[in-house]
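One structure is given here, and the rest of the page talks about it.
Chain IDs A, B, C, D, E, F, G and H follow the sequence of writing; residue 1 opens each chain.
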Amino acid sequence: MQTELVFSGFGGQGVLFGGMVLAYAGMDNGKNVTWIPSYGPEMRGGTAHVTVVISDEEIGSPLTRRPQVAVVFNIPSMTKYEDTVTPGGLLIYNSSLINHSPKRADIRYLAVPANDIAGKLGNARMANMVVLGALIAATGLLPLEAVCQALRNHLPAAKQKFVQSNIVALQRGADLVKNLQAA
Amino acid sequence: MQTELVFSGFGGQGVLFGGMVLAYAGMDNGKNVTWIPSYGPEMRGGTAHVTVVISDEEIGSPLTRRPQVAVVFNIPSMTKYEDTVTPGGLLIYNSSLINHSPKRADIRYLAVPANDIAGKLGNARMANMVVLGALIAATGLLPLEAVCQALRNHLPAAKQKFVQSNIVALQRGADLVKNLQAA
Amino acid sequence: MAKELLKGNVAIAEAAVRAGLQAYFGYPITPQTELLEHMSARMPELGRTFLQAESEVAAINMVYGAASTGVRVMTSSSGPGISLMQEGLSYIAGSEVPAVIVDIMRGGPGLGNIQPAQSDYNQITKSAGHGDFRPIVLAPGTVQEAIDHTVLAFDLADKYRTLVFVAGDGMIGQIMEPAELPPMRQPAQTRPAWALTGADNRPKNVVSSLYLGAEKLEALNKRLQAKLQQIKENEVRFEAINTADADIVIVAFGTAGRIAKTAVTEARRQGLRVGLFRPVTLFPFPSSQLEKLAARTKAMLVVEMNAGQMVDDVKLAVNGKTPVQFYGRTGGAVALPDEILDQIILLDKRYPAKKATPNGQGVVISVA
Amino acid sequence: MAKELLKGNVAIAEAAVRAGLQAYFGYPITPQTELLEHMSARMPELGRTFLQAESEVAAINMVYGAASTGVRVMTSSSGPGISLMQEGLSYIAGSEVPAVIVDIMRGGPGLGNIQPAQSDYNQITKSAGHGDFRPIVLAPGTVQEAIDHTVLAFDLADKYRTLVFVAGDGMIGQIMEPAELPPMRQPAQTRPAWALTGADNRPKNVVSSLYLGAEKLEALNKRLQAKLQQIKENEVRFEAINTADADIVIVAFGTAGRIAKTAVTEARRQGLRVGLFRPVTLFPFPSSQLEKLAARTKAMLVVEMNAGQMVDDVKLAVNGKTPVQFYGRTGGAVALPDEILDQIILLDKRYPAKKATPNGQGVVISVA
Amino acid sequence: MVDVMMEKAPEKVMWAEKMVYERPAALSDIPTHYCPGCTHGLIHKLIGEVIDELGIRQRTISVSPVGCAVFMYDYFDVDGAEAAHGRAPAMATGIKRVQPDNIVFTYQGDGDMASIGMAEIIWAATRGENITVFFVNNAIYGMTGGQMAPTSLPGQVTGSSPNGRDVEMTGMPIRMAELLAGLPGASYVVRRSVHNIQTIKQAKKAIRTAFQVQMAGAGFALVELLSSCPTNWKMTAADSLTWIKENMVPYYPLGDYKVADVVKTLNNRGK
Amino acid sequence: MVDVMMEKAPEKVMWAEKMVYERPAALSDIPTHYCPGCTHGLIHKLIGEVIDELGIRQRTISVSPVGCAVFMYDYFDVDGAEAAHGRAPAMATGIKRVQPDNIVFTYQGDGDMASIGMAEIIWAATRGENITVFFVNNAIYGMTGGQMAPTSLPGQVTGSSPNGRDVEMTGMPIRMAELLAGLPGASYVVRRSVHNIQTIKQAKKAIRTAFQVQMAGAGFALVELLSSCPTNWKMTAADSLTWIKENMVPYYPLGDYKVADVVKTLNNRGK
Amino acid sequence: MAKGRIKVDEAMCKGCELCIMVCPYGLIEMADHFNAKGYKPAVLIDPDQRCTGCTLCAMMCPDAVITVYRETKIKPSPAYA
Amino acid sequence: MAKGRIKVDEAMCKGCELCIMVCPYGLIEMADHFNAKGYKPAVLIDPDQRCTGCTLCAMMCPDAVITVYRETKIKPSPAYA
């Protein structure tokens, strides 16, 4: 099994970090993973993308034209990636910033009011973790606990103090999906 | 017909210039000619060589391993070129500076006390013209007058004042050979 | 050691440190800058030399200096910086001191952009600046390989007293994937006999690329060419996947090579007999290995992230024994598996299967 | 105009002046220095720009600047200096401004020496620094050709907005032989539409090699490759002597080519059917012309003043259709006619005459 | 361009709304890629204003550096060239020597000019090339993401001096204005800043003079401008300006380092 | 090495012949390729004498330039590297940084250092590299046959300034000692000459100090030496020395341009 | 005091807040909404018309996105008489 | 005055004449013959033993080919006593 995911948003929205946590979790769970950002002099202020591949096999191409999952944090990213998601795939978007009417019928959409939720948790910068939690819950790609553990394992010492609040954010994102699914 | 000549001596002995006058004379007489010096950071103090080719045909190689004529102005040049002259060829040497017993029987040697003659003419720097005059006389490569005319045609204006004394030196060199031949 | 999630640039830097690197000199340039940044933290920590040079010209000449003392030394850069190093590279080549250069290629020509590319293939494999020399060039396709190649690069550099390039691209530099770092080796405590360390109780040593007089310089060149010959004989490395029964062989290196793997897998899934030949050493190029394959394949497809450079080496290797097709993307664009697959399908239709010929020699078809 | 006895370096300089050169920027280096010195006298005399730059790096970037304004501009150097120009060359290539570079090659690698060599063939024909570009390369064999090529270089540079090299060697630079200079052309009074002259009554012009985003840079590269293709189709130049009935064809360029003429003459005298194929454009390489010859010849002998560089282009051209043998001298040594003749004789004995095959296609013999 | 709009009917005096500041025409109407609050933009604006005021837009040619200002040619509505890293002075030399009637200016960062481009700037100044140079000193390599620059301050933490610039290893930061002022070929060399309104005004004046020097054929003119890099300094835009004032200005004193006599004459004329 | 030889039988006092000057041991026993009377040789000799006197031959590493001194590694009996044109300071940096116990010196001509190598020398000085640099200023490109150097004097006729150096076009000759002295990283920067016995003695002293600075780990030391090029100046060796005195010294004043406090201490200790 | 106003080009504003810093009357604030580039643009909040059109904000704006207008007395031209 | 003499390494001398220039007593001249490199070497012509061994010539010689000897008083050592 191989899953290709794209994360995209403004620089500063924690896009790259969200993808990296997922990659760590995949690696710790014995998967092959690749994480490759777009990079450029316009990073700041511009748009940041990252492609994450999680696979049971050796990963050839770390890039994909048609991801199974796209996670978009702003309108330009929505515009860019909505069409690319592979049929049957999933598009998760930050509905705090994106007001969107789905164009496609052949993919699933998941609206996560990530900034609102994160804001309520007291730190708007954790929107990315909210989305990641939702992603995990919606795809079952990895156990949520694996992602939590990845934070514990790999956040540098100086940042370990944020682990707990990040985990709460992950949880909220996951809960949101569970509630939706329950609904 | 093609003639390949090498001139060799210390820098400052006018070796390159001697070859160039010959090349000019060849060109003015409708021949194909090439003139190619050795060049290097050791030019001064070191040894200067030039290869001149005069030909009725288009000239391919401007270099030769076995010149028909070698004109040597000092001992190192003698050492280097004596062996290279093509059998039947001619080796002209400045006997004012080189005290030499010929090694080979298959080439002709011509000893020209060029510095002595030039010194008597009042300018040791004209030794090269004395040798060139001898060369012309000994080979008949070109009419002597052609060489004199080349000086007139091609010496830059500032040096035209030396034309006449150079011609006298050429003449002395040629006379020497004629006297030898007459002897 | 356990695998870690490592960024290519950082992995190369740390691998070099662990291979006993004594000195690093470099100048920032995207997409290799994390390499320099890692060095700036690690080298001083270990009491070794890190210096951000004033330019790539200075960097390569500092490398030249340090290399002259017989220590392990490296620099890293990308296109424009590598261009500025050409004179220094040529001096290093002519002086026969060992040095490792990492080139994380980006789109060109000129300032171009900073996306991944392989467009410096000719520049780094065909010469080391002016003169007749050619460096060893290793082309990793994964972070693990980047690590392994870096260590290998130092060993080869020392073994042959030569220049070795590790040639990645922006993708290899920027990707993170799990990989294992080598154990830490300390810089060698002794110096080679030729090294400049002071003429104490021995005749003086000289490091120079100046050989006045054609005979002397020709003698140097003969020695260098003999060395290159030896390298050609002993150091060829490549990866061949599914080539045994392949009708079509894709030839691709580095990032293009790893991406092509996905295309090959997909092609096999569709029932096409496709293989992948991935040169790991770009110089020495695995020519005879490719030539052997040529006899059996009905066509080869060379995929590069440039306008067609390695393709000439492939053609030289197969020497007309099989058609060679090229597919390339330029300017930082990357050929993705689906495009490569399209090319495979086209090729498969265009060429009839090759009949085995007596001596294993195929019918020669001229290729445009 | 009458023929004059001209030194190659001076002849090139004066030819450039007469081709309407508006600016020269350069830095002294043997064996091209007379070229710069001639410019230092002539250009100011004509009210044009001569500037001795602080380095070759500065020189090529001054050339880049002047070229951006649409005037005829050139520089000249030799190996080490050409290496230092690589980055600037790549910028010029990426910006598509016309410029002429004279490379009077000397022995390498490194400081090497100042004797004539052809060892920068790969460096100047396979790339212009980093990135995918290749300049047009003209290789004169005589002073007259050096003059003609210089004038042609400017015309081609303007026509294609490209880099053009005149690639000589120390021998071409230092030799004197009779040649005729072209008539004096004044620098053009008008500037091309793209040139930087001030955005007065027109939209602004930009000269840049920066194309952020792979699509944009790929579009540039497609345009550049299309240009190179056009150049390949229209600008191939070569000289073929006695090739019509030749069993053996010598392939050599520049000085090696002219020296080989003497060997061919001598070989014919000895009854051997030998011809000479002399590529005049090294890029575009006369591949199809050579390929045609390959069908008929029993072997080709490539002679170069290097360790074997153009020989790969010859092999690529003949694509296995005839054996290709290499004979080279390095480090400033020059292959003389007698050595070449020896090689011809060896080759003649080694290979049987080729039977004409139906389609003009020869038997393929693999060459090491 | 006075945009007159009637308000209510005038009684005795009339009031009209006049545009008193607008984006200079010499700037293109497109957003820059500079980070929020980055004073590269501010310096562009000042240059644009001066170009407008001097009426030289149609004959100006800009030379962009490699650095954050690499796209400068997009931001000015003048002919523009993009130089190789550090080589803008050489490229400008090439342009100006064949186009003496054009006004040629370069714009270079500290990495571009003081590190890789050291030889070219010293030589342009030494020759007294008749060009105008803006040296934007932000004590960091902005574009490549924040490595140590030649002008990074002692102890400054950067991507390539993670423990703070160690001057034992790297030497003290280089003072370009002082260095270049010592060269006989330089006619006008000053240092300014843009960290508050007052310094901005002074900077603009210097930029104006630097162009006037060229217009008068009076030789090499350079304005060093202390500038911010909020992103790589990891500060807000406002804090960055304070950092310039408190940390950079003390090491890089503002002032006139070389004002050749011929320039003084100009200045007087200008008044 | 006192070569004692008995003369006639001594009466009261004994007389012995002592060798009071001989070729320094640090120089190899081979002739140089320098032209007759070229003071490159003289400067080599002084360096050799100092190396002998300081007893550092066994740990010295020389870095040759590209220029007439390119073969310097042949002429000194010390380990030697041959740098690319202008890059000796970078190469020396590479050597010294990994071999701090060696004494590393470079020797560069005016073209090598002041033209193509400007960035590298400024940066070595700025960083305060602990190396010793000899800058041999002969106002000409000797090796390539006499083109204009950055230090060629106004009006000087050279191969590339056939009508005399035109300072309007090329700027005034550059004064390296003054330029480098301004850099904080430089500890010792002086200019000397070798045109007569007195200046030769002063030059030797400066060479000695420049090595001592390095031995003390006190940073960057540079001695500029005015030197002759009889061949390309087209003068006799003797006239060349006069030319230095009459033409070069006025433009390139001899003197100490930077003697850092740490160096002064050294000097006192040396006494 | 002359009356003034400013116009911020919202789409081009980067929300750097430097204009806020220099306005002598504290008349500029950041909007609550994001522009297309993801920044909250500056807005003039001047209910009491205290803006003098002093241009300080415009002088400081790195992105040159502020236009300043000021009311000035003008001599009535004949047309208005 | 101390007595001295110099030895010129003829093969290495380049005949530049700088030693001639500095000898306070004019004791050095150029030989009439050429050495192997083509130069006329310097020779000490000191019939009156005026050379003081002052080393000026050696200090000036660019090619370091002059060795200087000087007679000096030495304390008789016991062995000679």
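Here is the rule we go by: a residue touches a chain if its C-beta (ideal position, glycine included) is under 8 Å from a C-beta of that chain, and two chains touch if they have at least 3 such contacts.
Being a predicted model, the structure only gives us computed values, none of them experimental.
Asker: Going only through chains that touch each other, how many steps at minimum separate chain B from chain H?
Answerer: Minimum step count, chain B to chain H: 1.
Asker: Count the touching C-beta pairs: is D-F or A-G ahead?
Answerer: D-F
Asker: Indicate the whole-number Å distance between the mean C-alpha point of chain B and the mean C-alpha point of chain C.
Answerer: 55
Asker: Just curious, how far off is chain G from chain D if you go by their C-alpha centres, in Å?
Answerer: The computed centroid separation for chain D versus chain G comes out at 61 Å.
Asker: Centroid from C-alpha atoms only, then distance chain C to chain D, rounded to Å. What do you get?
Answerer: The mean C-alpha positions of chain C and chain D differ by 28 Å.
Asker: At what distance in angstrom does the C-alpha mean of chain G lie from that of chain E?
Answerer: 25
Asker: Among all residues of chain G, which ones touch two or more of the remaining chains?
Answerer: In chain G, 14, 37 touch at least two other chains.
Asker: Give the residues of chain F that touch two or more other chains, as numbers and ranges in rising order.
Answerer: Chain F, residues with two or more chain partners: 34-36, 70, 82, 84, 115-116, 118-119, 123, 143, 145, 150, 169-170.
Asker: Could you check chain C for residues that touch two or more other chains and list them?
Answerer: 30, 51, 54-55, 57, 80, 87, 91, 95, 110-111, 113, 208-210, 212, 334
Asker: Per the contact definition, I'd like the list of chain C residues that touch chain E in the complex.
Answerer: Going through chain C, the ones touching chain E are 27-30, 33, 36-37, 40-41, 44, 51-52, 54-57, 80, 110-111.
Asker: Quick check on the complex: what are the chain F residues that touch chain H?
Answerer: 3-4, 7, 10, 13-24, 27, 31-32, 34-42, 44-45, 48, 196-197, 200-201, 230, 236-238, 241
Asker: Using the touch definition up top, name the residues of chain F that touch chain D in the complex.
Answerer: 66, 70, 82, 84-86, 111, 115-116, 118, 141, 143-145, 147-148, 150, 159-163, 166, 169-170
Asker: Flag every residue of chain E that touches chain D in the complex, lowest number first.
Answerer: 57-61, 63-64, 70-71, 73-74, 76-84, 87, 90-99, 102, 119-120, 123
Asker: Please give the residue numbers of chain F that touch chain E in the complex, ascending.
Answerer: Within the complex, chain F touches chain E at residues 115-119, 122-123, 126-128, 150, 169-172, 174, 178-179, 182-185.
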